[in-house]
């Protein structure tokens, strides 16, 4: 029963070809986007508010479907994927959502554990792994609190813990430091960098130029729905 | 799915019931109420049906035996009557007994009235039928017998009884069906609302990679548990009320009531029907209904 | 509050109904269903009550006039009977007519049976009463009259009728009350759920500085509109079904039915009661119920 | 009927005396906080994630009640305020919430207009003012979109527009630039500064030191529930 995640171990993890996204209502959020992200890359996506950064991530997650063009994740063409295979696709993607998307009726622990439970991992394993990850993001003491009882930054870190917990091959984070102070932001980025070092592909959306400059090997800039810059081998100087 | 995972999902369903107390309460309340309404209507309908059947079965064909047939011979013909397909019973009334009947009837009008005329009364049979719908056919068969002088069927009473019986059968069960349909609408509306109030939670689960089954199972468990609780509550209330009403009617000590009691269905005969019916229906409506209405929120 | 503000809040209520279509639909559905159940039960109960009352009123006290009172004198005493408080009507049957009655009764037993005994039959009165509950008292008053020989009250039929009447009155209206209570529970549960699903919206309004009245008014308008729609729907369905059933019964052409028809309540006499009842109740339950259940989410 | 906002025109707008806030569950979010914010000040509140910044704002809004101590806003002691006066208090406070708190069933326009409607302003006035404010925050084209159809930064700006729309005497903003790129952040802060110039008291919670340094005359730093620094006349150099 325990199906393998759908992400194949290909060298190109994410590829967009001539992708266009027009929302119902007529707003064109992305237009003619061509992009390839390879296994093990650490990519920052920068752009103004409303540029289409979250839309880009939503397409990868199959939360939205491209109006035209091809989106391929882990070797899978998302315009052809069957409805019932989508959960398995998403298990291969650890995602920090911009609006956190924590389940309000579950504690921080349960919210993180839930992501492991869906992949059918033994309870013993969960009991060990979840506290470890919560500790990594500095929330050891908040495991039993509900989202409504956490500060904005704490909620964001629960979301991050959830994305990290089952060590997915790809991690996608939408403004993971938007509610966190600079010291903590650096810590979190160093954590992502370390995870990247062992082979995980990381895509981070942010508007903090400084962070991007400091940690990234590649910065993709989106403006008005188009990729306007894609700078390889920039930065990376922190290590 | 691993057993541990299944156990987790079932536990999750129960935990949700605690976390969403308002919805659990609403669900149990609505289901119980609907079961009560439908259950009481069904029991009422069954009982009235039985009572009317009983009363209808009291309706008789009265046969006058030809004057030249003597009592002994006439009583022998009872075998013929009882052999007829629709005949329930045939009670023989001898010439002397028939005379006494009339004498009783006229006793108000003074003594001595009937003296010396006892020889003019013929013997009679009171025939009760199994199915009042075919009383006319049975009457014709009896009239064809050569020892029969004439027969009487009280057409008025027959048609009254038939009308009441049909009214009860169609009307009563019609009402039950209408109430059942209404109940299902109310229940499914309630379930859809409780699921609707948690649509965000459901969609978040999908974004984290949960399969439809994984999300639905706790809802299914929750719905089924709500259904079972409602079924048990409804069974308890229905049976309790039924028992009280039954005992109250029995306590009224009245000849007419006593004869009715035989047609009323005692609690012992139906409580398990009520229990099995409501609890099974509760599980079905609650479990399947909930799991089903989760579906439309799963398409993300 | 300025008039423009009020107009805005009312419009807002209606707009919300469109935005929360599932809840509007659920609310209208549940309210209509409950009105249907309770309304049909009430109409049924009223009609059965009237029919039983009618049948009970057929129950008579039979009076035998003393033999030495001649027909002319006996007929004159009718005034005394009709003056008694509970007497509905008193039908006089002369000595000759009484004799004919018995003769008819015994016609089966052969001709000539009754020859020469016509002088032994007394004159009679058939008295119908207004309220069968006091038939015993009326009977006693009649028996006290000096020209009365004796009286007969069919106790069996009286008690049957009384039992049925009481069963219908208490049982029927009890059922209506139970259904009404169940309906109110179901309705208030539904309202609480629909409000619950929008609790976040309500609390946000509070944080922006809206007063409780300001938040509640659109909910009140929304609830009241849902109530009115449900009331109109229920009235339409109830009256439609009632008319069809009424016409169906009338079409059955049956002596017994024809006499029943007089006691059935025609649609023209009750449709406005149903309409006013359900629509007013709909407004009340929907409007007040909703505004009330918003309250617990306002404490922020 | 149209009651005046409760905020009195006193020279001390916000004052906290020995304030302590312990959440149910036992976590002490604020402890012995003493603070005075005067009319016309522009104050930044800095602090780590979970330090108690949002709690501080929630006390001022009477969203939470202090466990002990006195919170006085516009001359009103909030521990003594009647339940039915709270809406009038809140109308005097323009708030940008960290989690935005937009009403999902209303468009951007309606969300902003709603804050004016509660104060019973004529429709004609609303029709003029709301588009003007939406334009100020750069959302002229998104008036008819629902929150679910807006990007994170756009939602944040709708929340800001709502706080500004009825020109309240006090504006409180919790991470108003958390989802916005640096250029837009500076624009937004300049907008707030301009509003401050005409007499409005502004309190901004942020974790962006740079912004605080650049725009503020006063920076209050909270750490572990206590005020650890309160630097007057610092910065302000941008003007």
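To keep things simple, chains are lettered A, B, C and D as they appear, and every chain counts its residues starting from 1.
Following the convention adopted for this analysis, a residue touches a chain if its C-beta (ideal position, glycine included) is under 8 Å from a C-beta of that chain, and two chains touch if they have at least 3 such contacts.
Quick caveat, the model's predicted, so the values are computed rather than measured.
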Checklist outcome for this item: Listing by label each chain that touches subunit B and subunit D gives A, C
Checklist entry - Which chains share more C-beta contacts than any other pair? => result B-C
Next on the checklist: Relative to subunit D, which chain's C-alpha centre is the most remote?
Outcome noted: B
Checklist outcome for this item: Note: subunit C sits from subunit B at a C-alpha centroid distance in Å of 24
Checklist entry - Which integer distance in Å separates the CA centroid of subunit A from that of subunit B? => result 62
Next on the checklist: Centroid from C-alpha atoms only, then distance subunit A to subunit D, rounded to Å. What do you get?
Outcome noted: 30
Checklist outcome for this item: Residues of subunit B that touch at least two other chains are none
Next on the checklist: Please classify the inter-chain touch graph. Allowed labels: line, ring, star, complete, other.
Outcome noted: ring
Checklist entry - Which of the chains touch, listed as pairs? => result A-B, A-D, B-C, C-D
Checklist outcome for this item: Per the touch rule, the subunit C residues reaching subunit D in their complex are 1-2, 4-5, 8, 16, 19-20, 201, 204-212, 214, 299-300
Checklist entry - Considering the complex alone, what residue numbers of subunit D touch subunit C? => result 1-2, 61, 63, 83-84, 86-91, 93, 95, 97, 101-105, 114-115, 117-120, 122-123, 162
Item to check | Touch list for subunit A against partner subunit D, complex | outcome: 23, 25, 46-50, 53-54, 98-99, 145, 149, 151-154, 157, 174-175, 178-184, 207-209
Checklist entry - Within the complex, which stretch of subunit C touches subunit B? => result 22-23, 25-26, 29-30, 33-34, 36-37, 40, 64, 102, 105-106, 108-110, 113, 117, 120-122, 150, 152, 156, 159-160, 163, 175, 178-179, 182, 185-186, 189-190, 192-194, 196-197, 252, 254-257
